[in-house]
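The letters A, B and C name the chains in turn, as written, and every chain counts its residues from 1.
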Amino acid sequence: MTTTRREVLKGGAMAAGAMALGGIPMAAAQGKELSVVGATFNLRDVILQEFTKRSGITVKPWINPSAQARADRLRVAPVDNLESGADFIKYAWDEKLIQPVDLARVPAWKRAVRLFQEGQQTPQSPVGFGDNPGRMMYADKEKTKAKYVPYMYQFDSVGYNPDKVPAKDNVLSWGELFNPKWRGKVSLYGIDWLGMLDAALGMQALGLLKPADLTNLTEKEVDTVILFLKEKKKEGHFRALWKAFGELVNLMASGEVWIADAWWPTVLEVRKKGVPCRYAEAVEGYRAWAVGSSISATTKNLDAAYEWINYWLEGYAGARQAEIGYYSPVDTYTKYLTPDQVRQLIAGEGRDGGSVERRNTKVFVWNTKPKNQEYYTDKWNEFLAS
Amino acid sequence: MSTLRERSPAGYALAAPAGLWMLGALVVPTIFIAWVSLWAARGFTLASPLTLANYAKFFTRPAYVRVLGDTVQQALVMMLITGVIGYSIAYFLVVHVRHPGLQLAVFLLLVVPFWTSALIRTIGWIPFLGVNGVINQVLLLTGIVDRPVEAFLFSRTGITLSQVSFYTLLATGPVVYTLRNIPPSLPEAAQCLRATPLRVFWRIVFPLTLPGVMIGQILVFLNVMADFATAQAIGGHKHAFLGNLVILLYESGQLAFAAVVAVLLMIAMLLGVAVLLKVVDIRRLGES
Amino acid sequence: MIPWRTRQRLVRAALGTITVLFLAYQWLPMLTMALLSFTDPEGGTTFPMRGVSLHWYRELLRVQMVDDFKPPMARSLALAGACSITTAALALAAAQAMRGRLRGSGAYFYLILLGAMAPGLLVGFGVALLARVFGFGLAWYTSTFAVHIVWTLPFGFLTMLAVFNRFDRRLEEAALTLRATRWTAFWRITFPLVLPGVIGAALFGFTLSYDEFARSLFATGPEQTLPLVIYAQFDRQLQPTLYAIGTLTTAVSLGAVALFATLLRLVRRRTLTSDQPSKKESQP
């Protein structure tokens, strides 16, 4: 029969093709493999190559822009490490997809800045609320085990084009995002709970909202925020919402957007394209988030998984991330940076927001998934439909 | 007689591979999703009790019903625009372009962009429509406007503008096919009988091309209903059609509700096709 | 009263203008993209453009561990090739079966067509969840392949149906009365005559699969196809490498379609019937 013959031929061809194509990555098929799930801003080529060079382990990355899809990946495929932010680590932990990390096997963690050990940089600085890694990352009271090991973190604030948006001493309030003067030139984070968190920050700054817990708004508070957002949408206040880092860079670099909630790497990239961009020190404080590595509950490569985590804290990866604007909780990366870079990136010379130390003391809130997220999503969809 | 005896086992054997493939890779997953849409549990548990509450949730929230309406409305608008433009182009190509080589060349010019990934083309539309983009530069240079028009991008208008580019070919192709199959003797005969060109078109040519028009409309309808990438990228994430809802709901962990939207999307698409098929039965495609 | 000839000229001019305007509308973004693909290393995917260089084409060629587009491109091509052959084969078989007026052919028709009517997200989603239940892995050459065929088959099927409907049965009957077996009659008479349809179905299979995005979104495993990798780039810097891909693809397609047109012309000349009117048939 025509079909059967063709199917057989096709099957054979497919098998041969699959074998040829499936193993394209650099290192030979020999040796260990590590299955890592992450995003394009951490699983970067230069970092993966160096890891393979040092350890002989080939990394097989699974990259997806959606944090939910990344966490769910652990359900359907054998994964060794899940790289994620505190928000979805909480989710993966509750769903028992990851296992506790024994911090005794991660000696570099002892050198983590106080922000991550205690949740506040100095005893006087505010304890950022929400999913503060310093508070929630540990799996036990003695802090010997962790749900995940953060290796990069970032402070979100207001990014703006200084030619269009004036800011005294580079200080702006979160409320500036909703200043009607910038109508049509504003962008906001397009993920429901994060966008609403930023909106709530702004509204609180403008005195329009007085929530008890900014990261867990009550239903009435959510309604207020959404009503406000809907009004702004009707006025054409938002040029576009951004969901991915690359989108925001393009929005600001093309001049479509003058002010947005952004983080430092965005500012760097936009400046590289010749468009002036600065990153304000927020009056109320930064919104921070920390991405790190966790170990899958079903991993068969436990040793390799620890090697991966230790590699990230060893310094090389931290230095490469610092070059594009992220910070490492552990100070091991200075040895991989030039003295100039150390001055700029860490001591904050010529950098908006100043040194890392300074930033650490000004964290106001951490990215947090609210408890009643379903309600958030439904109301956000209302906002989109309006 | 033909190479296939009627009702022979060989016939069933030939039909089996395609049929089984569709059953396994389409029908079974669809039924599964329909089952998931009835789950009362939040997460992924096969033992979940079943309920219709998820569907009730959709229809009792005006926002969601509105998204359904918006999606259908967008599809109808696109059908109209692509239908008119598509027919014009098809008619021009078949009737007015005499040289067959030129005909082929123009047709190829229409088709080749389709071979470039739709995602890349979508991304390419952003600089085209933006405030510094080509359209605005042209408008500024010719003095039609004195400030760049913002409404082209990150708006419903922008979505429509780019979708016209993507989907008009779907409306053009089938019409070209049916126009070609009209034997020239028919319009000639009508003209001999002193019919005006308009009457020739309206009473003879257009009805004969109706199957092609309908296929085109169905194709455009299906594509626009299911489109989410254009709405996302060119709409600036500010709008949601049914396709976007599925992804949004999945990403916020509402699995069953995402399945509900997926099922409703499918039902809407099937209903639409059924309605369109009532106008013309496309199974008779090609029969004169 | 405007004379008929002038009216015809006016109509022609109007329709011609629409066609030309539309072509410009469709091609200007493509040309914009081609232009931007030559931007210098500091440029982005939007205007203003800064400098000219071949940097992004070189980036495309560079082998990388993570952002490399070449393996996904190769996978997409292989997948499209397989879909092309499979679609043509399955569509041919199914259309031939329909000629036999089997019981339930009405329902069968709709079953096949359902593939084009089911939203991609739903199909991919369903396959992914089923995979979770039954514990089988998702991969580009298994689950993605399966859902791609679901999408391409209806189009191939319709093409074959259309071609078979115009097919003159008497040719087969003549062969059969001359004592050819059904098998021989099929291969020596029917198949060459419906070959344009088969090629059309194969073309549908290739094009639709290469660009398929919605179904693959959920149904693909760790090794992704090209559209999915492009989508993943949204998370990072959208780089003009994408435009380089787009421009290259367009250039290649122009060449490939020209090749196809030539092939079609050759096939037409070799068909048996010489009394068919010389209407050219090209499939979208």
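Quick note on the criterion: a residue touches a chain if its C-beta (ideal position, glycine included) is under 8 Å from a C-beta of that chain, and two chains touch if they have at least 3 such contacts.
Keep in mind the model is a prediction, meaning the values are calculated, not measured.
When every pair of chains is scored by its C-beta contact pairs, the maximum goes to B-C. Farthest chain from subunit B, judged by C-alpha centroids: A.
If each chain is reduced to the centroid of its CA atoms, subunit B and subunit C end up 15 Å from each other. Distance between chain centres (mean CA atoms), subunit A to subunit C: 38 Å. Counting partners per residue, subunit C has 45-47, 90, 93, 132, 231, 238 as the residues that reach two or more other chains.
Under the contact definition stated at the top, the residues of subunit B that touch 2 or more other chains are 14, 17, 44, 126-127, 130, 132, 250. The set of subunit A residues touching two or more other chains comprises 3, 7, 75, 243, 250, 254. Here subunit B touches subunit A in the complex through residues 13-14, 17, 43-44, 61, 63-64, 66-67, 70, 126-127, 130-132, 150, 153-154, 232, 236-240, 244-245, 248-254, going by the rule given at the top. Residues 42-47, 50, 63-68, 70-71, 74-75, 78, 82, 85-86, 89-90, 92-93, 128, 131-132, 137-139, 141, 145, 221-223, 231-238 of subunit C are the ones touching subunit A in the complex. Only residues 2-3, 6-7, 10, 13-14, 17-18, 21-22, 24-26, 35, 39-41, 43-45, 48-49, 52, 59-65, 75-77, 243-247, 249-250, 253-254, 269, 272-274 of subunit A touch subunit C when the two sit together in their complex.
Contact residues on subunit B toward subunit C in their complex (touch as defined above): 1-8, 10-12, 14-15, 17-19, 21-30, 32-33, 36, 44, 46, 85, 88-89, 91-93, 96, 100, 104, 106-121, 123-128, 130, 132-134, 164-165, 168-170, 172-174, 176-177, 180-181, 197, 222, 225-226, 228-229, 243, 246-247, 250, 258-259, 262-263, 265-266, 269-270, 273, 282-287. Interface of subunit A with subunit B (complex): residues 1, 3, 7, 66-69, 75, 91, 95, 184, 190-193, 233, 238-243, 250, 254-256, 373-374, 376-378, 380-382, 384-386.
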